[in-house]
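What follows is one structure encoded as structure tokens, with my remarks underneath.
Labels run A, B, C, D, E and F following the written order; every chain starts at residue 1.
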């Protein structure tokens, strides 16, 4: 069985699906691997490093697509790749099924099975394959680094001979995986961190990282059984806006991470709220690609509104391609290990397995 | 007595010499202040804020230069300003006398006294005016933020379901004010920090921040009585290079801050040494403007050498203009307070005072 | 003006109570179990009474009604003495071994 | 087969030594000074001997050679009793006031 | 034959040796020495008794024979008994002391002449009182210890047995004992003496049956105390200061020990001692426990275990983060390392609630990176470590992930903490973690639960590590 | 007149009350109660003595008069003496007890009949030994206490006085005492008794003069112990169990206390007690001190001071950073706050070696920002605070910056820590800080130096804050 991987569109995506480390692991399962030439040179991994662990380097993507049984990708395969795909291939990646519906349907027309890892059920056994966790975690970290980079003052409190630099105040909206890591990172740098979320379990979690939790009073718990958030009521929204009003006046940096799976991101910072912030403040919207938690936020753009910098994030992982690839690639390995049966020496698409069943994309 | 301040060349310098806070303090001494229109709007401080504390806003720089008794600046006055300067004015700023020799000599031709704050003696009483300290401190902080921004991996150790992200290793060369703050900041973010310096006192200081000190064996102490470093011997350099060799192979980020007052910055990382580093590593050279501690470093440029990013810093304070201005402005206030005599209602150029004497620029 | 020995005994009794009180407070809790077993072993000094009871009778009738009780008491107390001290020793040995291993 | 009272006294003496030993270990160090002053006050129970010495003589000669020493001893011990307890009280009062202030 | 004075001095010496024996227990280092003191004291007491009785007739041989028989039995039991059966063993031994006291008292009652207590039918008043108290207390100790033994051994149910009017019955019987003693003094009648003993046996049973299994350690210590008082009573009768000193010592130390234990367990001393009063709460307790027994300890136990370990592995989890116990933990580890104990941290990939959660906190507490290991790197080390200190972690140690395919966490790699010689679990209760499932490790033989807030407990352990 | 038995019981009771008195001191809460126990015990002992002597003649009146005279003097002294003179007061009081013991012994020697010890010239052997030991120890206590008193009062130099052969002389005199007692027993000669007392006085003097002022607290406690032994000796003579119990109690507790104090001060118990041996080290000590006296304390003192404060201001400096004491400090503050003590941190702008140095470390230890104040905001609060806890800071507190224009740090704003009621300085020595100048605060009346590594000391304080 051959696992193949082709280059991504490097202008849009710097991550790679395979690192030498996990290549080694996959080969350890008894599989063969071939990848395209210069597969990861753009992030400093030379082809020789892959070869050292036993990976075949092919000069063109066509060669790979025509020979491999399993294609692993970061994003959806490119148009020209799809045409070259042979029947019975399996594809695994973060394929963003809602966005790439058409493309995927096209692929499904061939006898191809597609697994998109965003769809993983959040069960304990799937944790090691959970790409959302691994990538959101980095996103939370990077969000803080980026916003601090953009921020024109120093973050930590410093009492010096030339006066005191007050500590910056950071507000994190949404305390999921990304939000928690953002809290931790900002806290480390010495910021005064507060956070809010609709799920009541998150209060303890925020406090476990030394952050302050701002809770919307008398609110029901908005957690679904899957651990995700539900959409909130009007009344809740009003109360939350009131809370945000108080908070935004005080805070210097706001990091937005609130998401509701399968829905557009909740709009939490309205135009008026944004304008309440001090000039020089920063809103860093990790949810921008899903519609944004903040007014004025546009994916891939920085907008200035009355001195407030609103940063809409796009392709954030391109800022940490090495770490992100390494984690993603380990996630992929775990998924493949679950899929591949060493005895049968074949992939075992056991639809009884929740993990395999839920991630598989069915035509629609 | 009127204190005036004109705008800097905003394209080169974002800091301002006066913030509303210290304007208030200066006015409190019994002085008047006038500044140019839109003096600090580029960093989000509106003219109204100045007016609120009693500052006069003038529409042109000429008006100010012709009326003020004391001109405070960040950098050396611009050409056109010099022509407008009237006699008996006093100028205070960070005038970089070695670089701006010609300009300053020109000014001195008029009956003008110039004080350059870089020349402050490092005595206890002068600590509150010490611009080198206040700005280096921020430089050290920002150096870390910038290099982490450029670094394509995550800094802190994270043991996650998708594998372990190892902590980044940061090496700080030169543990003066900037170096120590760099150590502290990198440490905060979870990096494994080591540092080296020629002054033996700095070992304890590095360790007091939780960093590891790499000492060049059997080295004499290179500290001058003023607390600065001396130039080192050949033998020392060899030993240091050996030490660096070991260190560079391991470290991911190197932050260079080594300086010797009045001399070009010591060249510590030679070309061979730089090439030893892993691809993806970062060298952040704070000494670039003084010639650089590292080979391949050029002020204001990012050079790539075998996968290593060498960042030569220029005008770093433009990245933190607000905090930097606020500290600089407080330094200036302290200096003015020492210079101005409330009883005489005049500036008292008492040359017995070490602070006043040493900072004054004499023609040469 | 002799003082009744009973009063001395009473004094001794009361002072011993104080000592018992203090002794226990200064024992580390992790040694409470051995402590219990040692005090148990010690309390079998009752054997002193048992021996007197068994021996003090006339020589002719070794096993008269009262000395029989004495002999029985000796057995009981002896079980306790040997058992108690040995078990304590075993327990304490356990603590020691852990120490030495390092 | 009477036991010499001396032996009882010896027992009492030895047991009291143990109690003294334990009592002190359980005193918090910050109270060591009051402890010293209390033990000092207590040790003037020697007054018991002084009173016996002073009083036990014949009624006719109140101040015979031995009772004079008794009387002197009474004064000394009395100074110590009153002084000792009162000073301790003062010290302890100080501790209390600080506590109450909060 | 030893003079009365000389033997009195020797008895005093043996009493002092007993004091030193208990003193030795104050620290593990001197504890064995203490035991030797105790043995020496006992040997002296026995020899002096031989010598002072001075009756070197055939009966002496019998005495020696009986002594050896008893000794052999005792030694046999001591070597054979498993360490885990300690509590019941001690309870069983107590019963022997109690019975011995009863026997000696009976013997004295039957032949007062040989003890110099007067003659049958005209025993000295004081002695009579003393011996009846000795006999009564001894009897209570005997029957009480037997019940405790049966309960601990599991032969009798550990559940408290209560019935209506229990307290009144006890009260009545107690008063009855006093009345009997009084009547005995007046009448000197043997039958009353026997009745007294019988009633005391009954009281012993009644006192212990309403006490639940959880309170047994306290009861044992209390019975210990009783046996001491019985010995002291006999000591007064026999005018023997070794018995008086030791009896008082054992009596008061036992009482204090039960008090200390009650305090540590947060139970009211009186309700435990007075038996029945403990009934309600212990009933409730057993219900809480879901029937499965857990061993729960305190900071001192934990400190002791770790101090005597040569390697300790720390397993932090979400609870450490909630309690913000990282600084205290670091301090604890510093203390351990000062004792030359090897300490490492085992970080499970999903410990906490965010990737790298533990790393953030440990870094904040300045834990050196080279002491922190990920699961794969350390999982084999558990088997060789002495103690696993699991602080606020739960799911990540749950072996059900390896064994039960039905479990929601099946398939997750877990830290093999159970392979350590001892496992300490710091958490506030037996409640489950994130995954909501019970952790069978809590009930394992080599697990000690430390129920408390993680920070509080760690700080307490630090204190006890001095 | 009280029967011997009854009075023996009462004496026993008073002895027990004395035990309870000392026990009360184990915690500040019960300490006053303890004192009352002591007073009660004393009252009982005195009354029982009156009653048992039963001589209600005129002499009783004299006794009462003398008692009151002594009492009045004692009370007067107790009220007048300043609290700082405590140590010399205790020393002075000891001398009285010692002398009283000597007097009682003399009285017994002169009229043994009244104490039932035989007749003059034929005193019972045991009693004679007992009374001579009592007298000798009493005499040593007396003269020793007087020397200690003089040294503490400053009337005599605190420096140790040593001369060649001192130890041999002491040894000789000690042996002489035993020889004399032996000879006295044989001869029953009065003159020997007097010589014995005289030599004992001399021994007392010789024992204490070689001991330096720093070791005086230990000496006082040791003298306390001596006075106890003297009382016990007399007790044996008078066959009085109150005296025996109390004497033994005081004797052993005093000895243990001096041992504990030696350990706390890191001095060898024996070298202090045997006098001369302590000489060398104390000499050296005084040289170290640069002539200016500093008060140096330990963690217990610091904990006590802070526990009883209502507000504490922490002043961290470079030394805290060097010692990496921030975590321990945070813990200490947590403990204080639990006691409802207000705690704030005062950060000097140039504390440490880099701008914001302290902030980095405090943030690492998770100190909330709102407890951290800059100089201008907190400088006025020192006057109202009870304790300033200066940890590893030096220059930033140096008042010379305000007063001496010649000083290199003149003009720098400094933290006004000296305005606090007490100032605690945690540093390792008296050496200066960065600026290289001495800090006069170290020698101030309200300063207590805590010489140790900052982390170590803070951890110790934490322990003592329990």
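Here, contacts are C-beta pairs under 8 Å (C-beta built on N, C-alpha and C of every residue); 3 or more make two chains touch, one makes a residue touch a chain.
Model, not experiment: these values are computed from the prediction.
> Can you tell me the least number of steps between subunit B and subunit F, where a step is a move to a chain it touches?
1
> Between A-F and C-E, flag the pair that has more C-beta pairs in contact.
Output for the comparison: C-E.
> List the interface residue numbers of subunit C and of subunit D, divide the shared ones by all numbers used, and answer same when the ratio is over half, different when under half.
same
> Note the rotational component of the Cα superposition from subunit A to subunit B, reported as an angle of 0 to 180 degrees in steps of 5.
The two chains, subunit A and subunit B, differ by a rotation of 180 degrees.
> Centroid from C-alpha atoms only, then distance subunit A to subunit D, rounded to Å. What do you get?
About 80 Å, centre to centre.
> Centroid from C-alpha atoms only, then distance subunit A to subunit E, rounded to Å. What do you get?
56
> Just how far, in Å, is the C-alpha centre of subunit C from the one of subunit A?
Between these chains, centre-to-centre, one finds 72 Å.
> Going by the contact rule already set, what residues in subunit D reach two or more other chains?
Answer for subunit D, listing residues that touch two or more other chains: 2-3, 5, 8-9, 11-12, 14-16, 18-19, 23, 25-26.
> On subunit B, where are the residues touching two or more other chains?
If we look for residues of subunit B contacting two or more partner chains, we find 127-128, 133-134, 137, 156, 158, 160-163, 165, 188, 190, 210.
> Which parts of subunit F, given as residue numbers and ranges, touch two or more other chains?
15, 19, 239, 241, 245, 324, 349-350, 355-356, 360, 363-364, 366
> Let me know each pair of chains that touch one another.
Touch list across chains, by label: A-B, A-E, A-F, B-E, B-F, C-D, C-E, C-F, D-E, D-F, E-F.
> For a test of understanding, state which residues of subunit D touch subunit F in their complex under the given definition.
5-6, 9, 12-14, 16-21, 23-57, 59, 62, 64-67, 69-96, 98-99, 101-102
> Show me the residue ranges of subunit F that touch subunit B in the complex, using the header's touch definition.
Residues of subunit F touching subunit B: 318, 321-322, 324, 349-350, 352-357, 360-361, 363-364, 395, 401, 408-412, 435.
> Show which residues of subunit F lie in contact with subunit D when the two form their complex.
11, 14-15, 18-19, 21-23, 25-28, 31-32, 34-35, 38-39, 41-42, 45-46, 49-50, 53, 55, 57-60, 62-63, 66-75, 77-79, 81, 83, 86-87, 89-90, 93-94, 96-97, 99-101, 103-104, 106-108, 110-111, 114-115, 126, 220-221, 224, 227-228, 230-232, 234-254, 256-257, 260-261, 264, 300-301, 303-304, 308, 310, 340-341
> Going by the contact rule set out above, which residues of subunit F touch subunit C in the complex?
Residue list for subunit F touching subunit C: 4-5, 8-9, 12, 15-16, 19, 116, 239, 241, 245.
> Could you list, by residue number, the parts of subunit C that touch subunit F in their complex?
It is residues 1-4, 7-8, 10-11, 14-15, 18 of subunit C that touch subunit F.
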